[in-house]
């Protein structure tokens, strides 16, 4: 069982960070690892059960992920991989944001975890890939909003 | 601050109970207290942020509630009242289902809570109204599925 | 990764079920699979971090489990195995009780889950052993309180 | 219903912050608002159900709080006021820590909330008092560990 936990403090308000990260189908527009993302069957990106479809840049394959849970009051988004270019099983991930009320200007704390099964000899690489993906999501929030304040 | 907590064991599987209760816009079709329910603006009933609009039977007013969170893996649905025929504020409710694995045939445990603010002299009636509503939702599951097994 | 989820409706109030199951060191007194349980180092059984030590009946080995979390308001108890007579790793379990408010007399719903790592050829037996243990805990509540009401 | 939510990023590791804040009876040793804290009846400070007793500095009264829940794996501590020098009811608070894995050296995010009932004309002062208390707890972590790294 592989596990990843990445957390960061972003130079953005909770509202700003949520506005970027809540949009389940948009990662191909801003995340440097991915491209050509869309929600399948023309469904809204905040419809629980919808599937996002996107490609890994530089020749990687297609990834399809289903939205399992979305919470606008707790700022949580949980999803599962249903197709990926790797020998992974039972992949579930959750992104969760919380406001930082102290410290001068408002910032946002984000945590992102995943658990899944992967062959033992591929686990270290898989963990690195997933933690890099999550770390970069948070960096994208910083890049998008950090200069605007 | 008024609080209600109602929980019941239903003679239905988790999948059956969830199939009825997950549909945020359908209560007017089966709950005896309500009628003419629909999701505003033609949105899907499982789109987080959507608003359900329905009427209280026998001359009651309109109620509008916004879907705050929906989870297909934890079987949770949380929502807030945004318009009601009463002097209520900050009403939030959550329905949550869990399977009962023991006891012969599979059944389903459901809990439903709400918290809100109501003038002190109206609190007892408000609590009775809300707890009756939740109790009846669970009874509807029993009536729909209890005879089919 | 092995997983177990057992849930039951007990013929006892929440207060009764919690009074039996909350006592982390007492399982050897009532659970038919175990004997000679005690909390190590003379610590109270509700001190978070304490270790319970008990033996499996009929020639089984010693099990030692550490209390990770205890909640008197949510009626939760979470613990980890630190020593067991099997090739298990990263075993964590949680017991959680909720009241059943509907249905005539008050009853109690309990859920008990565990996740852990076990060699693939032993997983089916391990799952059976753990689910039987949890099922029997709930049955002990029924036997202790079911006739008293 | 009064509500407070305070969150901060501390210049300490999760282990460091937890070591200070987990000790339910120690606040009189380091928090500038309080003095003479102890756990009643000689119980350990991590025994769920124990009561801490302490005085407000500069002529304030005695406060007594009961430990409702403690989690060493989720780093949570929840408690209720059972006696206070104010007209407050149903006060429950929770402290929760999470690690910040990104950003150079390890830091710790903490959130602390409370909800309670207070007469309307006293609510603003009560909210200020409680939020100041929580803010100062986090500042104490910074002062204790910030210079050591």
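Going by the order they are written in, the chains are A, B, C and D; count residues from 1 in each one.
Note that contacts are C-beta pairs under 8 Å (C-beta built on N, C-alpha and C of every residue); 3 or more make two chains touch, one makes a residue touch a chain.
None of these values were measured; they are calculated from a predicted model.
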Looking only at C-beta pairs that count as contacts, which pair of chains has more of them, A-C or A-D? A-D
Quick check for the class: compute each chain's Cα centroid; which one is farthest from the centroid of chain D? B
The distance between the C-alpha centres of chain A and chain D, rounded to whole Å, is 32
Could you state the distance in Å from the CA-based centre of chain A to that of chain C? 36
Name the residues of chain D that each touch 2 or more other chains. none
Which of the residues in chain B come into contact with chain D in the complex? 1, 117
In the complex formed with chain C, which residues of chain B make contact? 5-9, 98-103, 107, 109, 111, 135, 138
Which part of chain B faces chain A closely enough to touch in the complex? 43-44, 46-49, 68-74, 76, 78, 80, 92
